[in-house]
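Next up: the structures, one after another.
Here come two complexes built around chain A, the first alongside chain B, the second alongside chain C.
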Partner chain A sequence: MTKKFVLGIYDDEDVLLQAIENVRAAGTKIYEVFSPYPIHGIDDVLGIKRSRLPIVAFFCGLFGTSFALWMQIWMLGFDWPMIIGGKPHIALPAFIPVTFELTVLCAAFGMVITFFIVTKLKPSFKVNVFDKRSTDDKFVMAIEVTEGVTDMNALNDLLRSNGAIEVNEKEVIK
Partner chain B sequence: MIAIGVVLLIAGIIIAAMGGGDAHHAEGHGEAAAAGHEAASWLKRLYVNLWLNNVYFTGIALVGVFFIAVQYVAYAGWSVLIKRIPEALGYYLPIGGAVMLIVFLLGGHDIFHWTHDYLYDLNDERYDPIIAGKAPYLNFWFFLIRMIAYFVLWILFFNWLRRNSLNEDLNGGTSYYHKSIRISAMFLVVFGVTSSTSAWDWVLSIDTHWFSTMFGWYVFASWWVSGLAAITLTVIILKQNGYLKMVNANHLHDLGKFVFAFSIFWTYIWFSQFMLIWYANIPEESIYFIERLGGNGGHFKWIFFTNLIVNFAFPFLVLMTRDAKRQMIMLKIVTIAILIGHWLDFYLMMMPGTMRTDATIGFIEIGTTLIFLGVFLLTFTKGLAKASLVPVNHPFLEESVHHHV
Partner chain C sequence: MQHVSPIREPLVTGGKTYHDITEDVCRQVEAKPNARWAAALAVALVGLAIFIYSTYRTLWYGIGEWGLNKTVGWAWDITNFVWWVGIGHAGTLISAILLLFRQKWRTSINRAAEAMTIFAVICAAMFPVLHMGRPWLAYWVLPLPNTFGSLWVNFNSPLLWDVFAISTYFSVSLVFWYIGLIPDFATIRDRATGPISRRAYAFLSFGWTGSAKAWSRYETVSLILAGLATPLVLSVHTIVSMDFATSVIPGWHTTIFPPYFVAGAIFSGFAMVLTLMIITRKVFKLEDYITLEHVESMNKVIILTGSIVGVAYITEFFIAWYSGVEYEQYAFINRATGPYWWAYWAMMTCNVITPQLFWFRSIRRSLTATFIITIFVNIGMWFERFVIIVTSLHRDFLPSSWAMFSPTIIDIGIYVGTIGLFFTLFLLFAKFFPVVNMAEVKAILKSSSEVKHHPHGTMHGTDKDSHTNTHP
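Entry: the complex of A and B
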């Protein structure tokens, strides 16, 4: 199945940010914006919601903390009690470093794995590069042409009037 | 925008006046209590309190200079808008130096056990071979010379940086900026050595027999996080009173991250010191924690745990989310808690070695703290009012105004 996109090419990041606002205000849905580098403030302009990854990190960290404490208390306190350095079996200060490390490990791995799953990032992942110049010195705004849209000129004008230096059409196989 | 801080100035005067009233009351109270006791004990208590507060506030003032130096050396742009606040903190340094000198000369024997001559006298029955072995470092004159040297160096670098910063306001250009970076780099070397040695001198040597290689870091961490909390709190108060209009949630976010990160750093240092001593359990080392936990009749136990809760658990849990670091009210609560918490931290470092079980938190403690706070706020706000709150010709000012995280 192929999808048709209209690509607005921009060469200035401030013009692009303004254009995104105007295009969205005109009621056009932006499919994606490609940029060679991260642009400050583009998330707000595009209306992208804040990532919920920190919540995942918190709960993974909490899991790490409780798992580490449970593991050490159970192993050294109940399963195979040993006297080490004349300390009590359950010697909390000695458990803190391991607890800390497992907290960090679980939070970090939990975040990375969740990120891969949510973004469906896997070895066979293919990216459609709409315009190769978006990896060099141009910014590309892609708008999906849905079936209802017939007036391509209006779209073209909208992009050009907002500072696009080029407007192209492209069909992409999905 | 020029010559401000009036609101804070008045607040400072009021607090100083209140502090003065309290202290008079406190001394009366102390004397009444001392009547049945020995006469020297309230004086000792006063000296220890003066020392405690002076070390605490001098540290915050020093951290102001350190903060500026770090920002320069790191080529930081975000902090330019708030730069004048840590800069003004340094104005307390000369007062801190004077008070430190006077209190040491008058009350040295009450604060530091090692200042007694008989400890070094082989013929005296109170001769102490361990302390005598430390005599090359811990002796009256070298201690005095070091103390003066620290303050001379710190004040020198503070004035140097401040002068450059003010000249930059007048004349503009980037030459002052480049010069400041070189001064800052030199100061950081000086600070790296003196922050540790001053911590040994002023805090660690109270417990003369005991030693800890982490101690310089520990005191630095405590000073640093209190200083960051003071800077953050001042920024918020100034902003809420209508100054620093260009400071927004992004700058607060960065300050919040600083406070959050360094309360964890402090805990890390605290734990590193505690765990090794706890694990090895060598009497000459573990005495320090015994005095603060079960020893002294458990007198300091509640402060020991309060210290950890207020300075670690509370900021850690409250400032964890991004939203909390961007809200003034959350930052305000946490920074005030940290400032009180680290005062308690210094209390816990000094009191067991000096006052033992006589240590309380009464009118003298609160009174002297309020006087110091008042004087500190007075010099600080006067310093703030001396120059524009925004360094108008700083090359990174534009970057700071548009700072976005």
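Entry: the complex of A and C
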């Protein structure tokens, strides 16, 4: 099944931000916006909610802390207790460095793996990009076209009047 | 729009547009390897060959190939290990701590600095692994169930903490670096013409499209990773210093070690970043992105950390005298006036005196002077570790066991070899990866380039000629 999109191409981030606001105010649903770099303030105008990845990082870190403490206490305190340097079997201060490192390791990897999964980032040889210039110097606003419902001319005018330097159509096989 | 003071120097010069940034950074990735690069790689490969040969000798004949003796059981191996780990501190410091402090000048240097970090840590890891004598049993340092009845690793030992610290540091730095590379790989992918490069960079880019949602998450991930990596950077050299500080050897057993080692690590790391960046910006014509402003900022970090290191040297000496401990006092007098006096004074000259020249603005902004001084710093920091390790060990409590250390050709071979390994990796990186973070530089372009932008109305990049030189 193919889907049809109208792409508004912009070349300035501030023009783009204004255009997003106006297009949304005109009642048009924006499918996605592509940019070569992160634009500050785009989350608000597009209505993107704050990412919950920090929460993932926190709980992964918490798991790392608990796992590291449990591992060291169980191994040296219960499974095979030994007196090392006259210290107690469970010498907590000496366990802190490894606990810290495993906390950071689990938090970082847990968060990054989650990021890859939710953003659907995975190695593949073929990538479908709406407009190749969006990773170089152009900002692309993609609007999905519903056949027979969307007024193409009105959409074209709306995008152009809001500073689009080009308006293209693109069909994508889903 | 963010407000940037008009008296601040622009971070990107030359009136660049977004497309210019892409062109300038992708140029050397897409061009055929040039002769200078190939020549440099050939030299680095000779170094790598020396490394492989020395490693083969070490593994085949054993640690007896090194100059170690019963008194000096740690020498060049640990010196080189600490030296490389120290160098590996600048990259993550630049990308993590400077991100948290919102220092925008980091954007054009963080990519290469992080790459340098990763390669330096790889070089560092060679030394403890080779010193094990039987590297194929290296997994014994991990807490794995084993055939001796579960005899676990000793979690009280700083050497074990090192295993966790270095491997965590390496893997988190690698992930941080790679996350930053993904959008830039996508840029190269979308420009690529050849079938191999298109597929290779598509694979590396993880299917990145640059959607607003992905960027939003990307920014969150970068920020949290920076927050996690910041204490991590500080923890690594702290733990390395504890390898020494927790043992009861005069000259090692001091509480000043963790902050002193961390400052020294940042000091040497920035010196190495500057050494490499001064060459890279010239060879790849990136003068508009890595400007004198960047060099000066890094030189300021060098003078700060260099002065901390200088104060630490003097404090150590004072505390040795003030402690009233005979052995401690002797260890320090012996450092400065004993048979290794030349190493001590080389360290003092290179680390304490030369960086003080950066108080002069003209020297801070001179590329030649900076290049020479950073080489001095690198040499000085190597001598610092040599002084700490060898002079503390070679004359211990019993004069009957006093000895001298001299390196064998294999010791030298492994050290020179890791430099070859480092430059091989760095040169491959510089050829096939984008050396400047394009996405981040584009993100700061509007607020800190020479081109003046009107927030509304004009199109970026179409009117640059009429608006240049707003910073006279």
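Just so it is clear, the second predicted complex is superposed on the first by the 167 of 174 C-alpha atoms of A that agree within 3 Å, B and C clash if a C-alpha of one lies under 4 Å from a C-alpha of the other, contacts with A are read in each partner's own complex, and residues count from 1 in each chain.
Here is the rule we use: a residue touches a chain if its C-beta (ideal position, glycine included) is under 8 Å from a C-beta of that chain, and two chains touch if they have at least 3 such contacts.
Since the structure is predicted, the reported quantities are computational estimates derived from the model, not experimental observations.
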>> By the touch definition at the top of the document, which applies to A:80: first (chain B), second (chain C), both, or neither?
In response: second
>> Per the contact definition in the header, classify A:94: touching chain B only (first), chain C only (second), both, or neither.
In response: both
>> Looking only at contacts as defined up top, I'd like to know whether chain B or chain C touches more of chain A.
In response: C
>> Is A:36 touching anything from chain B or chain C once the two structures are fitted on A? First, second, both or neither.
In response: second
> Should A:14 be classified as contacting the first partner (chain B), the second (chain C), both, or neither?
Replying inline: second
> Who does A:109 touch here: chain B (first), chain C (second), both, or neither?
Replying inline: second
>> Output check: A:123 vs chain B and chain C. Expected answer is one of first, second, both, neither. What do you get?
In response: second
>> Contact-wise, after the overlay, does A:25 reach chain B, chain C, both or neither (first, second, both, neither)?
In response: neither
> So, A:48: does it touch chain B (first), chain C (second), both, or neither?
Replying inline: second
> Touching chain B and also chain C: which chain A residues?
Replying inline: 40, 54, 85, 87, 94, 97
>> Taking the touch rule as given, give the residues of chain A at its contact with chain C in the complex, in rising order.
In response: 11-15, 18, 32-40, 42-43, 46, 48, 50-51, 53-54, 57, 61, 71-72, 75-76, 79-80, 84-85, 87, 91, 94-95, 97-98, 100-102, 104-105, 107-109, 111-112, 115-116, 118-130, 132-137, 163, 165
> For the complex, which residues does chain B have touching chain A?
Replying inline: 271, 274-275, 278-279, 281, 320-322, 404
> For the complex, which residues does chain C have touching chain A?
Replying inline: 1-2, 17-19, 22, 143, 149-152, 154-156, 158, 160-161, 164-165, 168, 171-172, 175-176, 179, 182-183, 186-187, 189-191, 199, 202-221, 224-225, 228-229, 231-232, 235, 239, 242, 438-440, 442-443, 446, 453, 455-456, 458-462
> What part of chain A is in contact with chain B in the complex they form?
Replying inline: 40-41, 54, 58, 85-87, 93-94, 96-97
